[in-house]
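For clarity, chains are labelled A, B, C and D in written order, and residue numbers in each chain start from 1.
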Amino acid sequence: MKSERLRSARRSGGSPGRRLGQFLLSREGLLLIFLLLLGAAIDIASSGSLLRFANLNNLFVNVAVVAVASIGMTLVILTAGIDVSIGGIVGLSSAIAGQLLTNGTNVLLSLGVFLAVGLALGLVNGILVSYVRIPAIITTLATKSIFRMLVFLTLGGVWISSIPFRLTNFFVLTRIWILPVSLVLTLALLIAASVLMTHTRTGRWFYAVGDNEEAARLSGINVRLVKTSGYALLGLLTAVAAIFSLAESPLVQNNTGSGFELTVIAAVILGGTELSGGRGTVLGSLIGAVIVALVQDGVILLHIQPFWNGVLLGAVILASVASSGLRLLRQRGAR
Amino acid sequence: MVGPKRSKVHKVLALAASLAIPLALTASAKTFTIAFVPKLVGIPYFTAMDQGMMRAAKAFSKGGVNLKIIYEGPTTASVSGQDRFVQALVNQGVNAIGVSANSPTALCPLVDKAVKKGLVFYSSDSQVSCASNELQVVQASPKGLGYAAIDVLAKDLGGKGEIAFISAGPTATNLNQWMAYMKQRLKKYPGMKLVSVQYAGESVSQATTIASQLISAYPNLRGIVGVASTIVPGAAQAVLEAGMKGKIAVTGFTDPNSIRPYVKDGVVKQVILWNPTNLGYLTAWGVLQMLEHKAFKAVNNVPGLGKVQYFAKSKELLLGAPMVIDRSNIDLNF
Amino acid sequence: MSRLLSSRNALLVLISAVIWIAFAAVQPSILSATSLRSMVVLAVEVGVIALGQTFVIISGGGGIDLSVGSIFALSSVTAGLLMTHGVAWPLAALTALLAGLGMGALNGVVIVALRIPPLMTTLATLFGYSGVALILSGGVDISGFPKGFFAIGQSRLLEIPVQFLLIYLPILLILLFVERASYFGRALYLSGTNETAARLSGIEVGKIRFLVYALSGLLSGVAGIVNASRLTVARPDAGGSANLVSITIAVLGGANIFGGEGSVVGTALASLAIGSVTYGLSYVNANPVFEGGIVGGILIFSVLAQGLLGRLQRARA
Amino acid sequence: MAFIELRGVSKQFGGVRALRGVDVAFEQGRVHALLGENGAGKSTLIKTLAGAVQPDSGEITIAGQRAQLSPRSSKQLGIAVVYQEPMIYPHLSVLENIFMGQELVSPGGFLRRGEMATRATPTLTRLGLDPSILEQPMGALSIGYQQLVLIVQALIQGARALIFDEPTSILSKEETDRLLGILRGLRESGHAVIYITHRIEEVYQIADEVTVLTDGAVVGHFPIAEIGSEQLLALMSGASKRDYQKRSSQGRVTGAPILAAEHLCVPPYAQDLSWQIYAGELTCVYGLVGSGRSESFQAVFGHLRPASGRILLGGQPVAPRSPAHAIRLGIGYLPEDRKLQGIFADKNLEFNQTASVLRAFLQWLGKLDLRGLVRATDQGMREYGVKAKHPGVQIALLSGGNQQKILFTRWAKSKLKVLILDEPTRGIDVGTKAEIHEFIRRLVDSGVGVVVITSDLEEALQIGDRILVMRKGRIVEDLRGEALNPETILSAAIGARS
């Protein structure tokens, strides 16, 4: 029985063809297939609107916004955490850095401030969760509303509207091949993160902490630091998402970013990252982000009442988590 | 404390006022506190209204009258939130309280309570439709606004092409009303065809996304009307991104601050609005008239604003015709 | 030794008193029966939801219900639609309650039978239920209810708002009984404290958890109906922040996010404290944007205080 | 000079003295067995060496240096522990498990997997493992293999002392033999091997010297050649003159069994079990950890689902769906892990003691008779000598022995037909243990069918009227009265041909 398990595990690997088969049957593979089917269905049903240029470009930027933040969210959920405050981080970083942008401050400097604010807010979350030890959901529910309050105070009843067009020109309208710069940057970050997660020591620590926190501590891994850096990176990447989002619609309001956390968490969960930690990939989250963006796009392209957005997103999340829940049930056997 | 005694006094006063006896002359120096609860705080439109009310407070605080404005409201356009602020203010005992309503009927029990307590209740911008509401300050008639938007667009498009509306929330009463008139006006332009009505909430980025998707979904789309101030810039951005500047016309109801870059860039030629600062100013003036028990005439001369119509039947004070904002007056600050 | 007056509850009473005194220093007129009544009316709805949330959190297993606001909205929309289609209001209200119960039960089934973490489940149904509310209502206000219906949220008995006297208090008392004296309450605490031990002691943890989510749904439905009656409209977007506020209240009232601890009395007192803060802030014309931040701050503070109180108690023992 | 030396090391947890002035030295190139019953202080000793527990007093020297051990410094000083349930990252690969925290990286922080694999291969081959195992997820391996991987990890990380915590208790015979061979190899290569076990026969197979712990104190230290197995047994149990053979075979019963299993299969833990339990007779089930003893009875209790076979209660076939159902049928089960499965730590004694009998106190509308509950708790506490002021005390504040008494009372008061007690005396002091044995006997005499599951042979011999021996999911012996003798039972349990 035991040696049998060993043998069955050894059977993996093999020829490239078999590897392809295995990939297609893995979660990422299945998601990719689902994604293609969904895309094809929407395109056909909307008589080709999906693949029209204007829509595609918008879709690409939307994917970039969600995907870049989902990289960070993956890190956090990998360590068995969660962050529902990132909508507030989008809002506050946009509010602070947006004022610099309209004041004519150097654009690069302003973008630097953007990232710094995101990083700082993420750090606050990380420290509260891992050093002060307040459960992640409580911490981030609280900081979510605190960040939002700060957005209101920063903006003081006025929207920031005169964002330089250079931002849009660069991140949205400049294209490399057919991809807007924001998406190219996101993909670059994604590849970097993927390499980091699979091929570096630090990356594996995230998995280790989520897989077995106690063992990680005993292995001499600084568990608190790893967790904190997850939240900090999420904050930073959320700021990047905020920049893309601002480039796409150059106006900062009090409610800028609200609800963003739900979209990103949905993307990450869809991508196969498990809430219990230790399992998941940033690549999966990218696919999840594309699916979420597609669902939202499809609702409009197919002229469905936009109210269905929520219902569909809820159903997709539930179906996806249910599938992994059922897999767990099967693994645990009869109990 | 504001007890029943005072409310009786008030009723007597009201009666006296209706008999056109200038009792107000006998009143000594007096502080009037006027509270205004917007749909939500933190958006430029209501901030501008607040500024207008403050300007009026300054202008009219003379001759034994001291006018004080309280401006507070919920941070999201929620009915319960608004209800809470109105309730607290009524209890606090201001002289007049008004709202830009998130729901035309939800506040009715509170309006009754306030009026019974002897407070003046009014609505401005978005109205409360209860019998006991004492004054409605209307920015422009919904009909005027709806017609103006379509007329502006028709001029731009030469009266033909597919068009779409993007509104904020499907629950916003006034926006729905404007859209109804917009649809009515469309009958005048048979060449223009409404192909889609979408809702983008209060967020610009959502508006951009939805407009982009509309542009893809309807390749022959020639015009977009944004029915709320957040929507027009979002739609303009989408047109810009899609490279359809000059091919798709964007207009709608929005303020100069939000749309300025797009008007200067030329993506947007004209938008429709009224001046919210003036609306706030007029609101404060109108409420003050009621507090001082001065009756409205059919046409009133408002100091610093000019002639303003009053419709006694609907208790409506009308700011005036819609204002068209284009390159010439885009530098107005509100 | 009465658990009713634990140090935490005494602290909450003290906090509420300090809040009122502080606000009275700014605006003395706040100290009036009218103010108290208004505060109670405003606190009742989220207060009822918080009672359900408390039981959910006590039941453990990562128990949390993020969908309460959506259930709140969908229940009130259900009642509203039925009434505007001519259904008698008591029947409509009853159906809406059943709808709330059903939505909660659906959460429960998904969590217990499919073993999907509560956070995920209720996040999904948060989207789902509010989406259904939007679809059903077409996104617009539903109003024009029969007069009798308004009695629920607008009338008074003995100068006390009816929704407090005849709805909130009875629910509180029933839940207090359930918590302190019933089999269900005992089983609830045991399930939340140590799930395995409870199961091995013959307690049907799954059933308990299912019932807790159903109850949370039911109470959210109650709140939705009271709200619709008070405001005379049913709105699909009502109840937006109910999840944050109800969780804050429950945790402030002593519910331990890891399960097994919490009490409805604590929650009731915490509702009083939070209700006082929010009402007071609007009364003294403070910048309304502080409200959310203050509630968030209180949430963090209360968890910290909980940890500290726990440590103190352990140190004393 | 000894590599590790402990002098006067003491540690107290709450009211329990886990270690009492322990002096012991471990040398390199030797296998040192630490022998003791459950609760004798072995695991505390290991945790102290691993740096997970700080001693209250006494000193530890490593390689002649006084050391303050933390998990990190312990590892750096060359101490590695292979726990019985290996501490692993199930989702990560074997390679990553081996090198976690000690990765080989290039300057950019990139993992040098190839080099790590090369580094691991010789050690893997030395332990007879195929290098292809490195890419597999750790969770896919059996526990035996996981242990080996952890030995590889320890060796690669330069461990000079390896501590094994009852490593063979869940291994098959072949796995055990292989592991013992590996330990000999470690001794040859000059490692200090500390081997914790309660299997005397293994001590003779492998150890160079043996130290016996009882109730947290060292009661003897001998070179292996100088001590016989009976002496060791006597030392372990803390009493030297117990004669198991003379145990009266009282309680012989006739009549129908109260509980019976027919061809019960609980995959993957137990196969084709058939046994009968009689009221009035104390049945012990002896087997090593992993023999399927707990799991097979958890199936009887409805906590696990049997795949096939029948359970008969008082002659009637029953199929408990859940513990709740089993309790309604009249079956009780005291779980083995007190902390994780037994107590409600931050609740009071009343909550804890009455958890399984709540339904008996139902009045109207789901109301409980609260006074009745307190009264019952009070009575139970007195009856079973729980040392606590009143039923309102939090159970976590009690000693392990008193906690166990509360749990025992929970079941003893439940009016059951059959009570299954899983390791009822694990980790509690000798005095309480004797008391609980006494209580169990009382229960048996009152006509309840009692099953005591134990991995403590002396306990089984001491209290059992009859002993069922399980090995690898099967019943291998069923002995009563005269037939009860340690050698037979032990050899049956470990599968040795004697």
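The working rule: a contact is a pair of C-beta atoms (placed from the backbone, for glycine too) under 8 Å apart; a residue touches a chain by one contact, two chains touch by 3 or more.
Since the structure is predicted, the reported quantities are computational estimates derived from the model, not experimental observations.
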(request) Treat touching chains as neighbours and tell me the shortest step distance from chain A to chain B. (result) 1
(request) Compute the distance, rounded to whole Å, between the mean C-alpha positions of chain A and chain D. (result) 44
(request) State, to the nearest whole Å, the distance from the C-alpha centre of chain B to the C-alpha centre of chain D. (result) 75
(message) What's the distance between the Cα centroids of chain B and chain C, rounded to whole Å?
(response) 35
(request) Mind pulling the residue numbers of chain D that touch at least two other chains? (result) none
(message) Could you pull out the residues of chain A that touch at least 2 other chains?
(response) 148, 152, 307
(request) Among the residues of chain B, pick out those that touch two or more other chains and give their numbers. (result) 41-42, 75-76, 170, 199
(request) Pull out all the chain pairs that touch, please. (result) A-B, A-C, A-D, B-C, C-D
(message) Taking the touch rule as given, give the residues of chain C at its contact with chain A in the complex, in rising order.
(response) 64, 110, 114-117, 119-121, 123-128, 130-132, 134-135, 139, 244, 247-248, 251, 257-258, 287, 289-297, 299-300, 303-304, 307
(message) Help me check something: in the complex, which residues belonging to chain C touch chain D?
(response) 1, 177-178, 180-184, 186-187, 189-190, 193-194, 196-204, 260-261, 317
(message) Looking at the complex, which residues from chain C come into contact with chain B?
(response) 27, 29-30, 32, 34-35, 38, 41-42, 45, 134, 138-141, 143-144, 150, 154, 227, 230-233, 235-238, 240, 278-279, 282-283, 285-289, 291-292
(message) Per the contact definition, I'd like the list of chain D residues that touch chain A in the complex.
(response) 50, 52, 71-72, 75, 87-92, 96, 100-103, 105, 108-111, 113, 132-133, 135-137, 140-145, 172, 267-268, 304-305, 307
(message) Show me the residue ranges of chain B that touch chain A in the complex, using the header's touch definition.
(response) 41-44, 46-47, 50, 75-76, 170, 196, 198-199, 202-205, 207-210, 212-217, 219, 230, 233-234, 237-238, 240-244, 257-258, 260-261, 265
